[in-house]
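Okay, got some structures for you below.
Shared between the two complexes below is chain A, which pairs with chain B and chain C, respectively.
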Partner chain A sequence: MHVSAFDRYQHQHSRVHRLDPRAKVLMTLFFILSNALLPDGAWAAFLAAWGLALLAGSVAQLPPGYLFKRSFIALPFALAAVTVLFTVPGAAVLTFPLFSRTIAISDAGLARFASIVIRSWLSVQGAIWLTATTQFPDLMHALRHLRVPRLLIAIISFMYRYLFVLADEATRLLRAREARSAAPVSGKSGGSILWRAKVAGGMVGQLFLRSLERSERVYNAMLARGYRGQLLTMNPHVMMKRDWQELGTAVILIALVQVIGRLF
Partner chain B sequence: MFFASIQTLHIPDGFLSLFIAGLCWVVAIGFILLAIRRSQRSFDERLVPLAGMMAAFIFAGQMINFPVAGGTSGHFIGAALAAVALGPWLGILVMTAVIALQALLFQDGGLVVMGANILVMGITPALISYGLYRAVSHRPRRVQMITIAASAWLSIMGAALVTALLLGFSGTSSFRVAVPALLGVHALIGIGEALITAAALNLIMKTRPQLLQSSAAVGGRGWIASGVALTLLVILLAPFASRFPDGLEWVAAENGFLDTAVTAPFQLLPGYTIPILGAGSLSTIVASLIGALLAAAIMIILARLIHGRQAKMKRLRD
Partner chain C sequence: MPIIHQTGAQEQRQTDNRAGLSTLLVERLSFSYRDGFQALKEVSLQIAPGEKVALVGPNGAGKSTLMLHLNGLLQGNGVIEIAGLPVVKENLPVIRGKVGMVFQNPDDQLFSPTVFEDVAFGPLHMGLPEAEIRQQVTQALSQVGMGGFEDRLSHHLSLGQKKRVAIATVLSMNPEILALDEPSAGLDPRARWSLINLLRELPLTMLVSSHDMLMVRELFPRIIIMDEGRVAADGETAVLLADAALLETHGLERP
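Take a look at the complex of A and B:
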């Protein structure tokens, strides 16, 4: 399996791609925070924030609609917010009978539900933008400069490195199970649910042991190559004047969205 | 295909209030810093390759499932296995790495609410599963296995309850619905996790018994106490949490306009009871069951839809 099977990085040579990853991380976080701060029903501000996301996408030379297409990943979670439609007090906009009772959707409830979904939908676009324009090792560097504990960063970087190796390992286990699981065309196959769970559990245990052994092997190999408990990098990652300028522009634009949210 | 696992507990950005998200970060950061210090003490420079590989293992292990019935499948989630096999501190660190990578690389879970996700999927399950396991770690293997299965199930329920509470206090969900719905769905998901975790640890115990002995040596009485206490809290709180006043009502009560607000037009299951059964606890239980069944039905339909689409896409690719 190749890295590209997972990674959503888009190879381009845009201004955004050249930007220091720290600046991009901060822009994304400010954008998400700003969405969270917008009051319910600030439609004009939501529209402006979407405009900002579109602008960021086009400056980064992402394929048109790229952010939009991938942004529905968080939508199933909206199910969790459905209840506010009925529980937020307000004037009823829609009533319908259900089991000899009437239930009503209030206008405030509708506004709150839509606002929650839009906020999350916009924020996901910000996160996709960051991933699409920043290579993962650079992203890790940015987080390190932003005072995330060094050791945690090293662990996540290491995980990223071996994700694909272990995903391959898991695929092999799944393929082996499939190869040994014949089923008649009609009728039930396999044993009881308990038995199936035991097989799956055995596979997980097997994967665990293989991973553990691999980590020991890798550690020995790292020691042999002079590892002293720190992952080193050749990339200096210095915030240049241009990075500060672009970060400043983004902050001003996001502040503008907030102003729109309070005024209209 | 790999990400089709039902991971409803990955909270996306926008669903929690900033205050709640910040509070979760404070708790999460405290635990992470402690976990780093403790793990570094016991593993030294071996820590990075070990924890990194184990985090990748959890991620890859989540691909492994088993068919249950009607197109649904049991899944492995991993927090309980990590805590029991590697010790709670390393377990929390590994789950933190998994959650961070899922959010950064796949937008599975939000960035600003990542602290909440670490609290839900990393810290809560580690406390419950390791605490309960540690309480029986010197007992016969049969007892250990049953405890591990039960604690894995409880750790999922605990995670679901914490999620429901966070959503409720943020004013995103009504406690009346979120608590029984999330607990109901995860009661089913938890069974898959419990069976897989127990079977996996059974294999590990048989082949590498010294591994579990060293993980059991990590935590002392404090872990047993906090694990048991948290478990009791989950069990005791679950039936009552659905009666909490909603987050929005809290805000309203603080500002003193609760009386002037129009009464909630939510009349489907008033007070989360069935009208004909009166207001007793039986009524609440039946209402919770109906809520859980409804939620489970919706989840199964959604899962089938998604599964069907993916199968079609796979056929197209092949």
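Take a look at the complex of A and C:
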């Protein structure tokens, strides 16, 4: 069985797909950095940044709305910023009682919260654009060229390779539980919440132990083929003139967004 | 000094020639796991160049443990030589290129994102130049009938394909001996037969552990039966498979 739900690569032959992965990684990094640097409430600049994301998506020939739809996975994480609604001083827009105290949402707090949500949502679109146009191994080569520590790259590569195996294993465990979760003809089944929690905990433990054993076997397989503590790769990528040009264009556009953010 | 050096080299070559009779030599090998379980008890065997030998026996007989000794992943008491080169710590980098070890689960064997990177892993870590690595990878993949799969992601392959790529990952190192652990386990009949044909056509010395007696009869002229950490029998396949009492004693079935 294959779990390929994690593969976000879209097979296309656009200009973006043919770009050197380094250029794409840098573009995405600059884009995210630019979003983070935009001041609160720079609505025009946010709009411009979104326009940039749309443009990048259409040049890459991604299905319309592809980036937009996928980017919502980031929203729950933005909720971590919800406290700024109440903590930033400013004029109250909304007050309500809570435990015999009055809580106020300030206008400045609201603006900051909206800005944080938009920033993270825009940045996630950039990351999705990158993974949709770059094969994973190329991404790893790009990181190596950009001098990311080898150990870190090795860890990410193994995670990617074994995510699928782990997900398969988890699916099998779940299925085995399902198969034995019979209910009597009448009445409830499944036992108490505590009992269910124990079963789930046991399954997580199982998964951990299996991964640990697997890691030993993988390490043996690496040793058997001459691994001596240093991962080596061959990387055929070369930055061409075209890559530099497109990277330059992207940097100029991102700088323009920054200018809009500061002026308006 | 140069003279002494030369004599040394000559002696070395002579030992090579004498030991050239056997690709694999194991003498009185014993090994206990850390929990005290003695998995191997004075195991001795010898495999000549070009021989294809099956290693059979019940679960827990010590087959996999023996395999792990061949390239020094485990180290017990006794002597092991690969093409005359003793398996000791100083020789391990060379030994690991000489013993092509394929593990039972291809998901353990294929740890790189792409097929190319996995097959290139061995030669790359042996320090071969890039052009040669590319050539080895292409050759190894076409040998197992997986040419053109270089850029595929390992986790998108079927089990049969994964097994073939797993074999290619060691063929690319040009090993002296191929050590396979349960190569046909879990394969459907078609994938199993195509694997059997592949192993038949590979012109390499092989030691293959298996429960698949049908494959053993088809492929291997010689069987070594292991049980409880010892070599229980070692001989011609036709003779041993005809001995019903022997097979029953060691929990084996007749194909």
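One rule holds for everything that comes next: the second predicted complex is superposed on the first by the 208 of 264 C-alpha atoms of A that agree within 3 Å, B and C clash if a C-alpha of one lies under 4 Å from a C-alpha of the other, contacts with A are read in each partner's own complex, and residues count from 1 in each chain.
Following the convention adopted for this analysis, a contact is a pair of C-beta atoms (placed from the backbone, for glycine too) under 8 Å apart; a residue touches a chain by one contact, two chains touch by 3 or more.
Since we're looking at a predicted model, the values are computed, not measured.
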Chain B versus chain C as contact partner of A:Leu54, first or second or both or neither: neither
Touched partner set for A:Leu26, first chain B, second chain C, both or neither: neither
First, second, both or neither for A:Pro149, with chain B first and chain C second: first
Contacts of A:Ser120 with chain B and chain C, given as first, second, both or neither: first
Partner touching more residues of chain A, whether chain B or chain C: B
First (chain B), second (chain C), both or neither touched by A:Leu209: first
Chain B versus chain C as contact partner of A:Met222, first or second or both or neither: both
Chain B versus chain C as contact partner of A:Phe136, first or second or both or neither: both
Contacts of A:Leu110 with chain B and chain C, given as first, second, both or neither: neither
Partner chain in contact with A:Leu232 - chain B first, chain C second, else both or neither: second
Overlap of the chain B and chain C footprints on chain A, listed as residue numbers: 7, 136, 157-158, 160-162, 165, 214, 218, 222, 227-228
Complex interface listing, chain A residues touching chain B: 6-8, 28-29, 32-33, 35-37, 70, 73-74, 76-77, 79-81, 83-84, 86-92, 95, 98-99, 101-106, 112, 116-124, 127-128, 130-131, 136, 139, 149, 151-152, 154-163, 165-167, 169-171, 173-174, 190, 193-194, 196-209, 211-212, 214-215, 218-219, 222, 227-229, 231
Footprint of chain A on chain B - complex, ascending: 2, 8, 10-15, 17-18, 21, 32-33, 36, 40, 44-57, 59-61, 63-69, 74, 76, 81, 85, 93-94, 96-98, 100-101, 103-108, 110-112, 167, 171-174, 176-178, 182, 192, 195-204, 207-208, 211, 246, 248, 261-268, 298, 302
Chain A-touching residues of chain C, taken from the complex the two chains share: 68, 71, 73, 93, 96-97, 99, 101, 103, 105, 107-109, 111-114, 117, 120-122, 124-126, 130, 133, 153-156, 169-170, 173
Touching residues (chain side chain A, partner chain C) in the complex: 2, 4, 7, 136-137, 140, 157-158, 160-162, 164-165, 214, 217-218, 220-228, 232-234
